[in-house]
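Could you have a look at this structure, given as C-alpha cells, before my questions?
Chains here go by letter, A, B, C and D, matching the order in which they are written, and residues are numbered from 1 within each.
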C-alpha cells in the first residue's frame, strides 16, 4: 500500500500517523519530494482500511498494491482449481464443462426431454431454474420446491448433475441434494447469502453482477471461500452499458484477465448476456476460443412457449450443432494463463 | 402494447397468434404495411409477457406502451404520496425531509452526539447503519443487534425517528421498533426481501441499484406495494459509469423524471453517490433545487476515525452550514411535476 | 414508423397532424385504444424527422421500425460486400483479412522489419500510424508526411498494402497512394471528414467510437456510402464502461449483430480494446470464432521502446504463434449471418 | 510518479531502468518491500511517458501523482479565470452567464425574435447553430454561411454576443466576427481543430464528449491553451450510460470537481443532456445551486416546428419563468471551490 501525503501536511500530524501505522506492525518507507511525500507500507496490509486513511486531512491519495482477496488469488495459489462432479465431469485446469438446460423447470416431461437432448449433444450438467428472480412481481416466479423435485427426477433419468439458482438462504434445506448452487447476478453482493454458502462443501457458481467489477466478483468469491468452501466457479453473463443492440454487453476479456488473477474456473453464459438465441452460438464459440473453462447455455425444446426467457433459448438441434464447433475449437483455445502453461 | 410482425410471417401462424391474443381478452387493431404488419393491443396488457411474444418466429419486435407498474404509477394515482413519521415530520407533496447521521453506529456517545447535532441543524430523521454491506469479508460489518439498540437509545434521547438498513429478511424481528427500513442499492432486486417488506405497514426506503434503470426501481417499489405496503420512498445514490472522478455518477435528472412517473417521494443520498465530503453540499443543494423531496446525508463527529466511509462524512458544523442554504433554496425548487402543480 | 398519441390530444390537432403526414405521401393506419391512439405510417419514412414529431404536444412517443440507414442495410443488399486489395487479398463473404503492424511508424528499419515479420506470419495488410491522435498536446503525435513515406517504402519492400489513419480532411493529398484509410474512434462522428471520404473510391475502415451505438456506427458508414464510396469496413475496438481491468470493454457480440444488420465486413482490433498485449491473442481468437471478417493487430519488434502504445503490442514471434491458432479456428467460426448461409 | 516493480525483476534490469530515469533529471526514492519495490520519481515528470514505462517487463504498475495538464490546472493558477465579452458580460469567479437561443438558425425573423425574448429574460449571450452535426447524412445540416450571417444580424439587433459551433477548421474564416466558438461533444477530441483554435485569441467553449472523462476534457482545454489561447470555458452536456429515461445522464458533480481541478469557468447545457424540455428547468436550477458559472439553454419560439431538436427547446415564456428562479437560487449556490473562497 502506498500513501501520498499532501504538501500542506504538518509534521506533527504526519508523525502521529506514522506511529499509528507502525503500531499495526507495518514497516514504512518514505520518499520526500518537492510536492508530495510518499509512504510505502510493507507488511500485511489486508487489514488496513483504505477508506479510513483516505479520510485523514493530511492524505492526498492511497493506492493498494496487493489485491484485497487472498483465497481466490492466483498469487497465493498458483495451481488451477479443478472441481469434480458426481458423474466424474470436471472443470478447471483444461477440463471444459458444458451446463445446459431450460431457463425454468416447467413439467416433468419438459425437463427430462431437455436433459436427454443436452446430454446427447455432450453437456455434462443440467441447468434449470426453480426459483426465478423476476423484475416484475406479476411475472412467473418458478415452481420452487416442485421445480427442485423435477430437477432431481431428471438427474435420476439421465445421470446429469444439477445446477440451479438460490435466491434466499432460507431455501437452503431444499438444495441439499443439488450438485451445484448458482448465485444470480442480482445476488452477487447478497453478502448474507454468500456467508451461508461458505459453510457448505459443494460447488457454488457465482454470476457477475451487471455493474460489478472483476475485483468485486473476486471479493464475492472470497466471501464464500473465507467460510472454508473452496469450490467456487465464476460466471460472466454480461454487463450493463449504453449499447442496446444486445440485452447486456458480454465482456469476454474477463476470461484471460480472471485466469491471470485467480485460480478459480471461469465460465460464460451467452444466453443471458445477449438475450437472443441467434447470438448464443457465436458468443459460445468466442468464449471457448478465449480460454473459458466452460459454458452455461439455455436450451428449450419449445422456446416459443417457454414460461420465461424464450427468445434466448436454443432448440436442441441448434445446441447440438453448436457443440460440434465448440469441440473443434476448444483444443486451440488460448490457455496461456492456466497453471500448466504459466507457472510450471 | 404494439406487436410488429415480420414480413415473412405466414398467414396461418398470424391467425393462430391473433386468436391467442383475443383469448386473453384483448382487442386487436391491425395495420398492414408493405414491409411490416403492426398489431395494436388494447385492454389490460399487464399480464401479457413480452418475452413470450418476442420468442415467436413471426414477431419482429414488441413495444410496451403502458408501464408495467401500477401501484407506483402516477397515471393511476395522481396525488403525491405523503408519509408521516412518529415525530410528525412528513415527506412528499412539497414536505421536505432531511435524514442525517453516521455511516455506522459505533458507540452510544457517538450516536447520541451526532443525533443531537443533526437535530439542532434541522434534520428530522436519524440515519445510522447497524448492518453494513461490505465488499470485503474482512471489513467491519456493523454492530448488528447492539447497533439497533443504540439507535433506539438515540431516538429516546432526541425524539428523532430512525432509518436503518436491513440486509436479510431473517433480521426483521430486530427492526420491529425501527421507524423506516432502508433497502440498500445491492439489495434493490433482492425480491425475497422486498416481498417480506411488503407485508409490513411502515415506510420502506429503496435505494436505486448502481446499474438499475428507473423502471426497475419502480418495479422494486411495486414488489413492496403489491404486498399492501404503500409507504415507499425512492432514493438516488449514484450509478456506475466510466467516470472515475467521483465514486459513482449522481443522476439528478431522475428527480423530475420520477416525479412524472410516480407519486412516491424521491430523495437523494449525495454522500454515497460522490464518496467525497467536499462534494456533498453542492450536490445536496442541486438535488434540492431540482425538486427532491428530501436528503439523506452522512454526518460524523469525527470522520477521521469513522469505522467506515469516513471520507464522505460531513462534520456537524459543515452540515449545519449546508442546511442553511438548503432551506434558502428549497422554496424556489422546481415542483412542476408535483400533484399540486400538475394535476389540481 | 409508429406514432402514439396522448390520451389528451384534441381532435382538431390530431386531424391537422394526420393531414401533414399524408402530405408527405404516407399512408396512415390508426388504432384507437382506451388510453392511447396508435398511428402506423406506411411508405418511405426515411425523410420523416422523429424529433419533430416527438416535439408535438399531442405525441407521447414515436418508434422507428425501419432502420435509418439504407446503403449499409442488409435488407436492401443481401450479398456480403467483398473488398479486394492491390495484392489480391480480400475481406468479406468468408475471406478473412489480417492487418498488422506497429502503432506508430518510427524509422525505415523498424517499419520494414515489422512488415516482413507480419507478412511471414500471414498478415496481408500492413498497419502503421503516421498521424496519431494523442490525448495530451505534449505527447508524440506521429511522423506525419515522413511516416506516410516510410509506409510506402515498406509496401515497396514487402508488397503489403497499407492501412493508416487520417485525422483531418486537409491531409487527404498525402493519402493518395495509401490503400485503405482508417477513421479513428474519436473521429467516427467527424461528419465533415466522412463526407470527404465518401468522394474517394478506396476502402475506408471506420472504428466504432468509445460511446457509440451500432446504429451510429452504421450511420457513419452511411455518410461515406451516401457519397458513392461503397468500400467500407467496420471495426470494433472497445467501448467505455465502468470496468477498469481492461482499457476498454471489447464488445464481441457486435460481430454477429452487425452481420445481421449490414453486408459490410466487420473486423476487430483487440490491441486497442484491451490495452494489454497478454490479452490480444485470446481476444483475437474469440473474434475469429465469433465470425469476424478480419483482425487488426499491433505488432512491434521492440515494444519496450515503442514511442506509443508499447504495452499493447505483440512481439513478432508471439504474433506468429497467435496466427497459427487463428487459422486453425477460422474454419469453425460461426458464419450463420453471412449471405452465403443466410440468404442463398 | 510512482513505479512499482515486479518481484521477479532482475537487479541488472532494474539498474538500467534507474539510470535511464536519472538521465531525465529525475530524483529517485526507493522502498524495497517483500513483494514489490516502489520507486518514487521526484522532478518534472510531465515529459515521462507512462505507457513506455508500463511496457517494460520489470514494471508491474505506474501511477501518476501530478496531473498531466498544466495551463488548465488550479494548482498552478489559483485565481478563477474571468472572461469578458463585448457587451461587458462576464463569466467566472462568481459572475454567472446565461447563453440561450435556438438549436438551429432558421430565418431572420426567427433568430431575431428569439434573441429579443432571451435578452428580455436576462440571457447575456445568443446561441444558435449554423453548422449542425447530425447523425444521419439525410438530416438538415444547418444554414452554414447564411446562418452565420443571420446570427450577426441578430447581434446587431440586440447587442447580444454570439456563440456558435464549428465543425471543421476549414470554416474558421466564417467565424471571424463570432464572439465565442463552440466545440461540440463529438469534436472534443478533434485535436487538429483544437490546435487551430489555440491560435485564436477569443473564447472557446468545449463540450465534454459523451464518453470522456474530466481529465480528457481538461487535456482538450490544454490543447487550446498550449497554443496561447487562455479563454476556455468547459461545458457539461451529459454522458452516455445504461439509463434510457433521459437522452444522456447529466453528471452534475463535475461542477464542484472541475472547480477543484481547474480555474476555468464551467457551464452546463441541460437541453442536450436531457433531451426533454420539461427537464430543462429543474436541471438548470440544480446546476445553478451546485455552483455552475453559467448555463446554455435551447429556446425556440415555435418548438413544434423547429428543424431540429424541438423536443428539448423551451418556449420563451417558460425560459423567462425559469430565469426568475435561477436568479433567486444563484446567491445561495455552493462556491466553496472558487478562488475567492478557497484560496484568498
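Everything below uses one rule, namely that a residue touches a chain if its C-beta (ideal position, glycine included) is under 8 Å from a C-beta of that chain, and two chains touch if they have at least 3 such contacts.
Owing to the predicted nature of the structure, the values given are computational and were not obtained by experimental measurement.
Asker: Averaging each chain's C-alpha atoms to get its centre, pick out the one most distant from chain D.
Answerer: Centre of mass proxy via C-alpha means gives A as farthest from chain D.
Asker: Weigh A-C against B-C on C-beta contact pairs and write down the one with more.
Answerer: The comparison resolves to A-C.
Asker: Centroid of chain A to centroid of chain C, CA atoms only: how many Å?
Answerer: 31
Asker: Using mean C-alpha positions as chain centres, tell me how far chain B is from chain C in Å, no decimals.
Answerer: From the centre of chain B to the centre of chain C is 39 Å.
Asker: Give me the residues of chain D that touch two or more other chains.
Answerer: 211, 239-242, 244
Asker: Can you list the chain A residues touching chain B in their complex?
Answerer: 46-47, 49, 51-52, 54-57, 68, 133-141, 167-170, 186-187, 189-193, 195, 209-211, 216, 219, 222-223, 226, 239-240, 303-311, 313
Asker: Which positions of chain B touch chain D when the two form their complex?
Answerer: 211, 213-215, 239, 241-246, 249-257, 260, 273-274, 278-279, 281-283, 285-291, 325, 328-329, 332-334, 336-337
Asker: What part of chain D is in contact with chain A in the complex they form?
Answerer: Those residues of chain D that touch chain A are 2, 4, 27, 29-36, 38, 40, 42-43, 60-61, 63, 65-66, 240-242, 244.
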